[in-house]
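So, here's a batch of structures to check.
You will see two complexes here that share subunit A, one where it goes with subunit B and one where it goes with subunit C.
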Partner chain A sequence: MFSSSTSRNDPRRFTGPDGAYSYHDILTGSTPGPTPQPPKSSMNIRPLFLKTGLLSNAQGSAYVEQGQTKLLCSVFGPREIPRRSDFSLKGVLSVEFRSAPFAHPRHRISSAFEAQPTEKELSLVLEGALQAAVCLHLYPKSQIDVYVRVLEDDGSVLAAAITAAGLALANASIQMFDLVLGASLCRKNDLILVDPTLNEELGASEGCDLDSEGHASLLTIGYQPSLDQLVAYQHEGIITVDQIDQDVELLMKKCKGFLPNVQCCLLESLKIQTKSHRQHE
Partner chain B sequence: MVMPVIQLELAGVDAQERDKFDGGHEMGSNQQLVSPGDLITTDVGFMRGHGTYTKEDGLYASLAGVVQRVNKLISVTPLKTKYQGEIGDVVVGRITEVQQKRWKVNTNSRLDSVLLLSSVNLPGGELRRRSAEDELSMRKYLQEGDLISAEVQNVYHDGSLSLHTRSLKYGKLSQGTLIKVSPSLIKRRKTHFHKLPCGVSVILGNNGFVWVSPTEHEEEGGGSGGFSQNLSQVPTTDRTGIARVRNCILALAQNGVMLWDTTLANAYDACLKYPLTDLLKSDVMREIAFVTRQNLEHQ
Partner chain C sequence: MGSSEMRFVLPGMRICAQEDHYQSGCGTYVLHGYVYASLAGVLQIQPVMKGPISENPSQTSTQDLVSVEVHSPGEQTVIPAVGDVVTAKVMSVNPRFAKLSILCVRESVLVQPFRGLVRKEDVRATEKDRVEMYKSFRPGDVILARVLSLGEASSGYLLTTAENELGVVIARSETAGVKMVPVSWVEMQCPKTYNKEFRKIAKVIPENLADMAVDVKVLNT
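== the complex of A and B ==
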């Protein structure tokens, strides 16, 4: 839970006029969690909505909705590295993962200035995944910037972010070995929940201690379907080796399941453009 | 109830051709759309072009785009491209940095281009020696944020460009509007500087940057090596002309019409029947592009 006092004492935050009070004061008591969802079947990925090319300023962009999880990814570049200090023949990826202040009703409000530790961690995992996917050797002395902005967090953010970043990079016409898809899974003993919501994730993290009864774990992977390679692996909790094998296998299958949707979304915009070009010719 | 399955075959794509290209997503005759990681062909007789890479078992796409085949060469053409410079191209760019003896220029390419102090015309004649003072006063001629027109002098091996402005038609740009379009929409012509009959000058940069400005009169330009800026007030008629041309270019670019002097003139004629404020409506834009295209076919 956030503590409203810390966010009020943040010196960089504009405090508002005298007599104004934080909207947290109204919210406390009945913190509206994520809107209750009907119980979903535990083996399916939530409905997915994908769109590319929303932002006209960016070289490429993608918007992903996975259930109630909503995020926007924009890609800038390749462009010259400003104030480069060392020479590198490979391109440089800079990845920034940030949550909007209103994205997560339960967490401390994220500061607009400083990245939270969790955001930094997710940035690193995402950067690792994209580094394996992008043909960086083709972009010497250049930098590619990837920005992910979470608009609403309802679980499986990293998985959705990986998918969105892959789409946005492809939309920006940056050369990649393969698309990257993300999927996540929450396991409590033998109960498996693919693509968990925020409530399910929180439930799992409570069971992550050694001394609690029953073990729970949260697993997110990034996967390249046609190369059949894992590019990201993030796991927290307690799990046996056999279960890891099973879970990764299952997630890879899920990724392959929604690969056609991702490809379709990418090629849809292409079809419209090529049609108008051909009319012209 | 069982729905009958109807199999539809596309005419023009014969079975053999399809077996060869078993990866991507077939569309129409010979149009193959691929996304990154798609297998283009397993045939080993092909050469690897731009936007593709080879693995042991075949040729794969690394871009989302249309597969193009020229004899044995397979490449993937993406939707958006950065500008790939060629010697002799006219470009419009923005100064991003002033360095020792050179300016860095953003020209919509992957790396910033350079404009060397030795490849600009300094005030005071062509054959002037460049002294240390010139180096110190570089920011007086061009500073960060200034727009210039220039020509590509050289392409370095890493793909970055070297520019020059050794002609009075190139140099600093003063008042006008910059429009950014895809570089692939600019048609390569003998000249990229156009004076339209409506009192508007257009520079169609090969890098996709288009500069629209009021036409300068002969006696005002020149004399100072292309570094002078005419900051006198632009009359309203010229400004509406510039706005019209700008909106025409946007309309053409959005509908995928190539840009050169003929299409610009056609689009300008087509837009005259609409009030200026209507030119940003998408149906009017589509109409202008359509009329332009039709006129091209009739000419």
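== the complex of A and C ==
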């Protein structure tokens, strides 16, 4: 309704703390904006921060920071399936993947009510990954809800979401065959960028059309480390068969690389939980 | 096995080979001959209850059968399973069945209630055709029931109270709203008005005797 200039001068509006600037300035690139990240080595996953159990009203929750990508996952249930749906002896997973309106610096602000097509697509991929991981046969006639909320999108959201959902499900003590880890990779001819940032991803998607000189592609996998199984596979772009093999191999290795971090995070929260549980008794 | 230190496991961790005396318990699953954890929690190795096994002296080798279990700290995520005793609240009663809302499964409280149903023929074990639903349950009663089956999609779990230990546990009188006291296995009396109301009463076993009752039941079957 208001243009940015009027809203900034409106005395009735909360202007925010000193040093804050309007997000419109970031969009146009006129003011400082986020400081440019130092160029990262192309074969490493960005620094990872994991935490479980931060939402008290959810059965289980996880917060994942992968570089600047930040997202929150919460798990509710198992609860009764609503009346209208069909009888199923297996449990049902309902996965909702949504971006916060402020998550993406370039996209138009997403509607708070209606899911965008990309969000729906990512929900489906995530649901497929979790269906393979959760012991759904142990939850007949019930439903497990998984909500992923992206707080900041700086590339590799799906990979981070898969890791977060796996952590949140384990935190909710839902029975699973294995943990699930996500990793993604962006390839431009022979240049491989593991865990690409948003800029790198966008660069790749520009090179996706057939006419462009080099072929570029974007690959995300979901991986179960101890069973050595792939549970999700999403690929955009053009790639040769040999390269797919190489890339999947590489991503699985990367997943194994940060598995100890995920395990440490879960162990820490387990220790805290058992301690507080004992104190209650 | 008697180590006081707790051993934590995470989903997908291989615990041990599935051998003759290791049994996969709750929180674990078996794949390619190995027992894996499916929960994040504390590993527990417990001897399997020696009920029917000890009666058969020829099976001495299976006596030290142990079950490998994983227990997550805090509340367990449970859902009602066939054979479980559940605590439920009566929501509505009609001549054919009573609709319930399941609140607890065994000792654990559910986060969200599940729907349940007791049909007229499942109220008691004897004189099934003479059961009158209004003389068995009233809305608001808290009852103990056993899960018969998962039921249909629309109706929720199918429950039964056809055991002496199952039936109404807590009921309030119609006029005074006071918690009533059972006077026989079909009647409860209000301590204020001395009115008697009909119910299918559960014979509640004191908690310290409950374990013994289970043992007796195992031996009898």
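Convention: the second predicted complex is superposed on the first by the 237 of 281 C-alpha atoms of A that agree within 3 Å, B and C clash if a C-alpha of one lies under 4 Å from a C-alpha of the other, contacts with A are read in each partner's own complex, and residues count from 1 in each chain.
Here is the rule we use: a residue touches a chain if its C-beta (ideal position, glycine included) is under 8 Å from a C-beta of that chain, and two chains touch if they have at least 3 such contacts.
Since the model is a prediction, treat every value here as computed from it, not as a measurement.
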Problem set entry | Clash or fit, subunit B versus subunit C on superposed subunit A | clash
For this session: Considering only the touch criterion stated at the top, classify A:Pro140 as touching first (subunit B), second (subunit C), both, or neither.
Result: both
Exercise. A:Lys271 contacts which: subunit B (first), subunit C (second), both, neither?
Worked result: both
Problem set entry | Touching partner for A:Gln175 - first (subunit B), second (subunit C), both, neither | both
For this session: Based on the superposed arrangement, let me know which partner A:Gln59 touches: subunit B (first), subunit C (second), both, or neither?
Result: both
Exercise. With the two structures laid over each other on chain A, which partner does A:Leu124 touch: subunit B (first), subunit C (second), both, or neither?
Worked result: neither
Problem set entry | Which superposed partner A:Gln263 touches (first subunit B, second subunit C, both, neither) | both
Exercise. Hey, what residues of subunit A end up touching subunit B and subunit C alike?
Worked result: 59, 78-80, 135, 139-142, 170-179, 224-227, 263, 266-267, 270-271, 273-274, 276-277
Problem set entry | Sites on subunit A touched by subunit B in the complex | 59-60, 78-80, 135, 139-142, 170-179, 224-227, 262-263, 266-267, 269-271, 273-274, 276-277, 279-280
Exercise. Okay, in this complex, where on subunit A does subunit C touch?
Worked result: 59, 77-81, 83, 85-87, 89, 135, 139-142, 170-179, 224-227, 263, 266-267, 270-271, 273-274, 276-277
Seminar exercise, completed: Contacts from subunit B onto subunit A in the complex sit at residues 25, 27, 31, 33, 35-39, 51, 53, 55, 60, 62-66, 78-82, 96, 104, 110-112, 158, 255-258, 293
Problem set entry | List of subunit C residues in touch with subunit A within their complex | 6, 8, 10-14, 27, 29, 31, 36, 38-42, 72-74, 76-77, 79, 111-115, 150, 152-154, 156-157
